[in-house]
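Below is a structure I'd like to ask you about.
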Amino acid sequence: MASPDDSASAPRTAVYAGSFDPITNGHVDIVQRSMQVFDQVIVAVAFNLHKDSALFTPAERVDMIATVFQSSAGRVRADSFSGLLVDYAQAMDAKVIIRGLRAVADFEYEFQMTMMNRHLKSNIETIFMMAGEAHFYTSSRLVKEVVSLGGDVEGLVPEIVLRRLRAKVGR
Amino acid sequence: MASPDDSASAPRTAVYAGSFDPITNGHVDIVQRSMQVFDQVIVAVAFNLHKDSALFTPAERVDMIATVFQSSAGRVRADSFSGLLVDYAQAMDAKVIIRGLRAVADFEYEFQMTMMNRHLKSNIETIFMMAGEAHFYTSSRLVKEVVSLGGDVEGLVPEIVLRRLRAKVGR
Amino acid sequence: MASPDDSASAPRTAVYAGSFDPITNGHVDIVQRSMQVFDQVIVAVAFNLHKDSALFTPAERVDMIATVFQSSAGRVRADSFSGLLVDYAQAMDAKVIIRGLRAVADFEYEFQMTMMNRHLKSNIETIFMMAGEAHFYTSSRLVKEVVSLGGDVEGLVPEIVLRRLRAKVGR
Amino acid sequence: MASPDDSASAPRTAVYAGSFDPITNGHVDIVQRSMQVFDQVIVAVAFNLHKDSALFTPAERVDMIATVFQSSAGRVRADSFSGLLVDYAQAMDAKVIIRGLRAVADFEYEFQMTMMNRHLKSNIETIFMMAGEAHFYTSSRLVKEVVSLGGDVEGLVPEIVLRRLRAKVGR
Amino acid sequence: MASPDDSASAPRTAVYAGSFDPITNGHVDIVQRSMQVFDQVIVAVAFNLHKDSALFTPAERVDMIATVFQSSAGRVRADSFSGLLVDYAQAMDAKVIIRGLRAVADFEYEFQMTMMNRHLKSNIETIFMMAGEAHFYTSSRLVKEVVSLGGDVEGLVPEIVLRRLRAKVGR
Amino acid sequence: MASPDDSASAPRTAVYAGSFDPITNGHVDIVQRSMQVFDQVIVAVAFNLHKDSALFTPAERVDMIATVFQSSAGRVRADSFSGLLVDYAQAMDAKVIIRGLRAVADFEYEFQMTMMNRHLKSNIETIFMMAGEAHFYTSSRLVKEVVSLGGDVEGLVPEIVLRRLRAKVGR
């Protein structure tokens, strides 16, 4: 086979960013699938210093992600950032942004964000992956709502998240 | 950096399949973006021996694709296949299928195809990329319809396609 | 005809839950249609003790619903609850949850809620009904917004709601 | 509890109509869920005498449905009809039409059909149910396409359908 | 008020094109609304010489449209054309194309057509209008299907169309 | 040509209302297109006295709009209003409301607003126009978010807005 150019043969790093408040099995599914395509996946908690209304602090969120992927630590890295995603990706030498697509409603927002990110940095590409159908209803928001109303979310989030969620809501 | 596992360090090949009847600048855009993520991209014309009602033969379509990407021949390969896409991808040692997403209407069909393909071969992953906004209206079907009605599609398809389209419709 | 099993011949009770802040003619339409399918329909105001930002109190909302359906009191019951809908439905011996579908935008949220509710209690089923086209634009939110800006919503909400809305906004 | 009116206490019959060419596990899932709501469910193959381009004849389709539900024969009935669905439902003394909803793309078509059916017969109501997420990609059309290309659809259709599909396509 | 420029003060002509096979009350509704915005509305039957599979001939369709709008003959004109819509609009000295929007499913196709039409002739603008909610389910296709199955479409199409439809299908 | 009736030959005024916080090049694009259809376009900042959480005051927003369109001052007018849009339109002697459509997600909200506005004032019509594809991702909200994170929005908003945005966020 013809040798690809240098940029192609270097280790491929992709950033998978989100609020991850908390990480769910749907997110985990996307990370595992993306490891089939990239050498390194950075799972990056995006936070806003001034108006973050998350349940977990950025540090708690990063810690849960690191725990979930500790057996893949050589290829998955947990981190956090504030500011523009494209600036963060560039600083991390990542040329690809991974986004999970679940529903039509996500689609247009994602389309707009992709176009905006290309406007901001044309050399960073966005790819989309679809979580398995078992994760169609596993949004962080819905998980938190169900837990706050006393519902059981076992199977929808990793073990570490299940324990921390229960601790947070005092059940 | 920690060395990724072997499957990760091998050259990455992805298949971008479609009817490409004919290839448009929207398709070309997706191929160029995917070269930022993969070492090799196979642009594969999918055809059906028994009921193909395409304007161009599979051979003509492959030929136009090969012409368009001749300067990237080491990394982009034009081919054709009939049968299941996942079988073709496996035969080509490609672990990733690339799909272009343009509109919400595409999304659900793509979602169903992705789930079906995972059912058929769980080790082949599908990723989605979005063409630039300039290509939002450049579908092969619309291009053919406009040409058949005497409209000009310059700028919407590669030069070689423009010439062949004009030859086909006798203008 | 063969006698259906016991669970089938018992009186059928369904829960139609929502914030109903306030009930509109679109909701009334759904209740009336659901009476063709079920023996008893419980119209249940869902509220959150800690962060309810509704215009009407849960008691006011239940009272308006009871007034609207007073002539069908044997078959329609107004109630309120906090907590998980599936827990409430089970406590009321209802095996079916009714949801109104109006727009595509509702659809995906409803799909996710349905899947989550099945995850929480697999023996409770969700059905969807479509309000008449005359009620396409009659959301509680839009009704409140129009009234607050001085617009007339006669014909969009029941008489009792019209009077109480006017009393609330002091017109 | 107050006794419901007579129309309410009679055995409830609902019609679940479609082309069922062939019935899939997604359809089976909807029938099983609808048995929780209705006493009798008629699974009715809709066909058009003049322009039916189905793979299986109406009789073959009814036969497969009857085989799948033979253990529930007292409550599920397989039948076929041509003409308007509302006329058929009325002839069968069914006041409710069941429709399965899977994707946003279905939604608007279903909305239009529901409004048209109400226009034709206002006393027949349509309800929608959602198949389980495992059946999101199990359309009859996609199943037939995959089989025709040599793919395996075990788990997506009932056993009897799997055998007949293989017999039809000669594998 | 400041005098608008010449192009603005000339009589405004808009083209409302479609297959109109046949015209429905939903189309009529759009024409009537558009008369509030434009001086002249041309209702133009688009046909394809080679592959038109319509129920009515272009001449029959134009004739029905002319009959429906005969009392507004000074402002509404029935016509037919083949070829590109933008070429026809330009030939008729119309700077605006009117499109009816009914459903989300229409939206993306319309978006693509609008962009394509701007690509072909940048000086012709497309505007969209929404038919009344009573016409949400009145598509020409659905009307023909219902009539062919023996259903009544009174109220959904103009009187002249009702008579001609019944004559065509021999009822 | 037959002379149109008086209402048709009078100068046509349309209202294009929104929060315009701030006006973007997507909005400017819609205004320019609408000038091809109407004699006068009123660009009207809608604000709410009690709960406006906008970045710019209504006066600042009107001022930016007036600056952008100063060369078309005879045909484009910047204004602001609170209350119902249909009341404002009527007060301004405008029979048409212009709305920009960008995404499917907008569509249903716009549909509901259109139906509500017709309910409130049946003689005022709403038309929709689509911004160019270059403006697909240029929402006011996204522009503000990017600026607040240090991103560059040159090319997405008019010069005057760019300067004021930078002044507001202190960069």
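The letters A, B, C, D, E and F name the chains in turn, as written, and every chain counts its residues from 1.
In this section, contacts are C-beta pairs under 8 Å (C-beta built on N, C-alpha and C of every residue); 3 or more make two chains touch, one makes a residue touch a chain.
What you see is a predicted model, and the numbers here were worked out from it, not measured in a lab.
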Count of contact steps on the shortest path from chain C to chain F: 1
Same vs different contact residues, chain B with chain F, by half of numbers used: same
Chain separated most widely from chain C, comparing mean CA positions: B
Taking each chain's C-alpha mean as its centre, the one farthest from chain D: F
Rotation, 0 to 180 degrees and nearest 5, that superposes chain D on copy chain E via CA atoms: 120
Chain centre separation in whole Å, for chain C relative to chain A (CA means): 36
Distance from the mean Cα position of chain E to that of chain A, given in whole angstrom: 48
Sites on chain A at which at least two other chains make contact: 104-105, 108, 111, 115, 133, 136-137
Contact pairs between chains, per stated definition: A-B, A-C, A-D, A-F, B-D, B-E, B-F, C-D, C-E, C-F, D-E, E-F
List of chain A residues in touch with chain F within their complex: 82-84, 86-87, 104-105, 108-109, 111-113, 115-116, 119-120
Chain B-touching residues of chain F, taken from the complex the two chains share: 104, 133-134, 136-137
Residue numbers on chain B that touch chain E, as the complex places them: 103-105, 136-137, 139, 142, 146, 149-152, 155-156
Complex interface listing, chain A residues touching chain B: 1-5, 7-9, 11-12, 33, 35-40, 74-75, 95-96, 101, 104, 107-108, 111, 114-115, 118, 123, 125-130, 132-133
